[in-house]
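Next come two complexes, and both contain subunit A; in the first it sits with subunit B, in the second with subunit C.
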Partner chain A sequence: MLSIIDLRVNYGKVRAIQGASLRVEAGQLVSIVGSNGAGKSTILQAISGLVPVSGGEIWFDGERLDRLPAHEIVRRGIAHVPEGRALFGRLTVLENLELGAYARQYTRREFDRVLEEVCTMFPILKKRARQKAGTLSGGEQQMLAIARGLMLRPRLLMLDEPSLGLMPSRVSQIFETLSQIKRRDLTIVLVEQNVQESLELADYAYVLQTGRVVLEGPGDVLLQQDMIRQAYLGM
Partner chain B sequence: MDLAVILQTLLSGVMMGFVYALVSIGLNLIYGVMEIINFSHGAFLMLAMYIAYWLNVMAGTDPVLAAPASGLAIGLLGALTYKLIIKRVMKAPALAQVFSTFGLLVFLEALAHFLWTADYRTVEKTAFSGVVSLFGLRVGLAKLVVAACAILTTAVLFWFYNRTKTGKALQATAISHRAAKLMGIDTDRMFLISWILGGATVGMAGAFLASLYNIFPTIGTTFVLLAFAVVVLGGFGSITGTLYAGLIIGLIENVAGIFAPAFKYAVVYALFIGVIVFRPKGLLGR
Partner chain C sequence: MTRKPTKETLPALPGSSLLKPGFLVPLLAFVVAFPWVFQRSTFQNTAILVLLYAFLGQAWNILGGYAGQVSFGHAVFFGIGAYTSSLLLINTGLNPWLGMLVGAAVAATVAAVIGIPAFRLTGHFFLMATVGFGEIIRTLFVNLPEVTRGAQGVFLPLLESSIKNLMFRQSNTGYYYIILVMTVALFAGTAWLERSKLGYYFKAIKEDWEAAEALGVNATRYKFIALAISAALTAMGGTFYAQWVLYLDPYSTMPLMVSVQIALVAILGGVGTVMGPFLGAALLLPVSEVIRVAVGGGGRGISPMIYGLAIILISVWQPNGIMGWVQARERRAPQDQTGGAEP
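After this line comes the complex of A and B, so read on.
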């Protein structure tokens, strides 16, 4: 479904991604793990057109994505829930969800149905619908960010550190939600610092180090690897 | 001083306040969406006043009825300004942006001077004249019609901004270009729309003001200073703030006008400086 071939991304002189190749098959949950500054967020930003690509190719369903402007990429059905959430804090929860559906020409009825669907997954958002997004708690904000992504009815959902900055009980809640979403046959790319949980959930995973893929394989296989256990799980 | 005079002054202040708000809103809309100050805003207003004037001379159209035409023309001018100038300087240093729109202001004023000379011009044929009574207060009909039209235009703009999908997308873009892009919003298109709306609103305001003031090439400067005061008081980036501030400035100007007519603008700009010093983000700014 998604294939990234020999991707290179530079920020001025900083070579953030130095030739990375990744594949995501339809219906899979693919995890990208790696230490701080490895280039995980940069890969997601390259896919969604937020940073210019300086080499390589990105293909999505037989169409080349790099070179397309960001808003066109969203229209192809790719939702990116970025690091830091990027909510519209001054707008209400409902307005944020409406904006999540911006790229779709839903009829009123379709919109209501998608909204209902998303709100059954995150009941708290329904209660907070008229509240300003900026006044939600951290965990609620993260749920809103994911829910807003789901409003697109995405074909590919990309999540960048959804558990960042949340307390442990909230983190497990987020992972519970992710496995729920996964059961709906959505294709997901997940970037996470919680390597254990994210590999348990992943069909396939990539380990990134200074802009290169250094290890890849099915999640459960990677969990058994000494390199992963030492570097990321502290065993 | 008797009550009628006070009420009369307040009413007049509120009426002019709506017009000032409409004059200022485009400036703040563009700033909110893309953080660029359109220094040629005043020249846009001046051109709109001339459009209304010439339509009046040539076709006898009342200036208020010329508003759709001048709104359209100045909206188009806004679009051209964005496409031909702003787009090219967007990534340039802030100073280059300042000089580009400031240069446009100087150019448009010089052009008006060249085409129409520095003569003061006055709209002669108006459809609305005389005095009517409103809640027992006496109001010039022309001013009343102008205020009503300014209120209507502002209401339509607020409806668009707060209730339509494109309006919400403008708000989203104003909050964060990056987050807006992630929603699939074409931010470049939003920038263009903000310039069209910014031009169209000040274009309509110009037609509304044409019957109340003398028209000359630098008339825009007077109003744009007032518009800056309104935007600063209301808060950069908040068009609701701009509406309130327009009303406040209109009231202050009119109230100060009865006590110390010669100083009414001094009072307005003293407030302007006070706001900058003590509450730089204005009433509702961020």
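After this line comes the complex of A and C, so read on.
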């Protein structure tokens, strides 16, 4: 479904991604793990068209993405839930959700149906619909960010550090939500520093170091690898 | 895409008390009755200036307040509107109302051309670019006397007093009501914009253009739309000004100070709010006029000093302007909505 071939991304003279290749099959949850600065978020930004690609190719369902602008990539059904949530804090929860549906030309009925589906998954958002997004708690904001991504009815959902900055009880709630979304056969790319949970959930995973893929394999297999256990799990 | 789920499914929307009938109806009654209550020309001139700058501030607010692209070059669009309709009236006899529409179209076109390089910049750099373009175009107006009559300026021909001619030779009342209608229409349009899809896109781009792009909003396209609307409306204000003052020159019509004043009424009142530009104009313009009347030409430097003071006070005391203060008071009032607090 998604194929990244020898991707290179530079920030000026800094080579953030140095020839990474990844594959994501339909219906899979693929995790990308790695330490700070490994280039995990940059890969997602490159897929979404938010950073220019210096080399390599990104293909999605037979179409080359790396030459398209961000707003065109979304129309292909790729939703990106960025690190830090990137909510519109002065807009209400409902307005944020409406913006999530921007790239889809829903009819009124379709929009209401998608909104209802999303609100069923995140009931708190219905209660907070008229509240400014900036006034929500961290956990609620993260739910809103994921819900906004789901408003697109994406074919590929990319989540960047969804558990970042949340208290432990909220972190498990977020992973429970991701597990629910996964059961809907949605294709997901998950970038997380929470390696244990991330790999437990993943069908397949890539480990990134300084812009290169240094390890890959099924999530449960990687969890047994010494390198992962020592570097990320402190074992 | 739809935007309005049923009322039964969602809690009530909180709105500013300044957009409710309890405030708007008495305000409208006051502004409609104003020329009969205050008949001295000084009062009427000041009231026209307040309404004109409320109109211009609102036009600026669409770009600077809602879409977040702060410009200090709007005097250019004001001048383009004023000059286009006036020169068309003088050279071809075109009715000023039609000239107003042509001026708006010319300003929107010029804005689009300026936008191509300027929108490659963001924040303060964009602001500085608008100042630069403003000065370049003003200098062109001074140095193209074959087209603009240069520094000697343009005297508008006197036409028969009528709404059709947008000219009233005996009193200011006609001008007052025309600018009142224009301003009320623009404020109503902005209230609609605030709740429209277009308004959401502007606000999203203002808050985080990358996030907006990531949702599929073509940020560049909507920035151009905001700039074109803002420029066209500012030009319409320029035509009104020309028909009212009946004389134009680049030094009085298009100086940087006009750009500052246009932006400042919106900033003082509260950017990105419907009522902000009116509150800003209602506060700033009378003060400026009182000083002009009291001190005369010798006090020409006092108004810029007041603008500077206003900018400092807003920055330190209330960055969200008067509306920020109003909204803070409203928030302190008991509300039934609650938000979570934990991280």
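Methods note: the second predicted complex is superposed on the first by the 235 of 235 C-alpha atoms of A that agree within 3 Å, B and C clash if a C-alpha of one lies under 4 Å from a C-alpha of the other, contacts with A are read in each partner's own complex, and residues count from 1 in each chain.
The rule is short, and it goes like this: a residue touches a chain if its C-beta (ideal position, glycine included) is under 8 Å from a C-beta of that chain, and two chains touch if they have at least 3 such contacts.
Everything quoted here is computed from the prediction, not taken from an experiment.
Engineer: With the two structures overlaid on subunit A, would subunit B and subunit C clash, or do they fit side by side?
Structural biologist: In the superposition, subunit B runs into subunit C.
Engineer: Regarding the shared-chain residue A:103, is it in contact with subunit B (first), subunit C (second), both, or neither?
Structural biologist: Both partners, subunit B and subunit C.
Engineer: Looking at the overlay, what does A:95 touch: subunit B (first), subunit C (second), both, or neither?
Structural biologist: It touches subunit B and subunit C both.
Engineer: Does the superposition put A:138 against subunit B (first), subunit C (second), both, or neither?
Structural biologist: second
Engineer: Just to be sure I read the superposition right, which of the two partners does A:27 touch: subunit B = first, subunit C = second, or both, or neither?
Structural biologist: Neither: A:27 stays clear of subunit B and subunit C.
Engineer: Between subunit B (first) and subunit C (second), which, if any, makes contact with A:86: first, second, both or neither?
Structural biologist: Touch partners of A:86: subunit B and subunit C.
Engineer: Based on the superposed arrangement, let me know which partner A:74 touches: subunit B (first), subunit C (second), both, or neither?
Structural biologist: both
Engineer: Would you mind checking which one, subunit B or subunit C, touches more residues on subunit A?
Structural biologist: C
Engineer: If you lay the two complexes on top of each other, which residues of subunit A touch subunit B in one and subunit C in the other?
Structural biologist: 48-50, 69-71, 74-75, 80, 82, 86-91, 95, 98-100, 102-103, 148, 152
Engineer: State the interface residues of subunit A toward subunit B in the complex, per the touch definition above.
Structural biologist: By the definition above, subunit A touches subunit B via 48-50, 69-71, 74-75, 80, 82, 86-91, 95, 98-100, 102-103, 148, 152.
Engineer: Under the touch definition given earlier, write down the residues of subunit C that touch subunit A in their complex.
Structural biologist: Residues 1-3, 5, 9-14, 197, 200-201, 203-204, 207-208, 210-219, 272, 337, 339-343 of subunit C touch subunit A in their complex.
Engineer: Within their complex, state which residues of subunit B touch subunit A.
Structural biologist: 165, 168-169, 171-172, 175-176, 178-179, 181-187, 286
Engineer: In their shared complex, at which residues does subunit A touch subunit C?
Structural biologist: 48-50, 69-71, 74-75, 80, 82, 86-92, 94-95, 98-108, 111-112, 115, 126-131, 135-140, 148, 152, 165-167, 170
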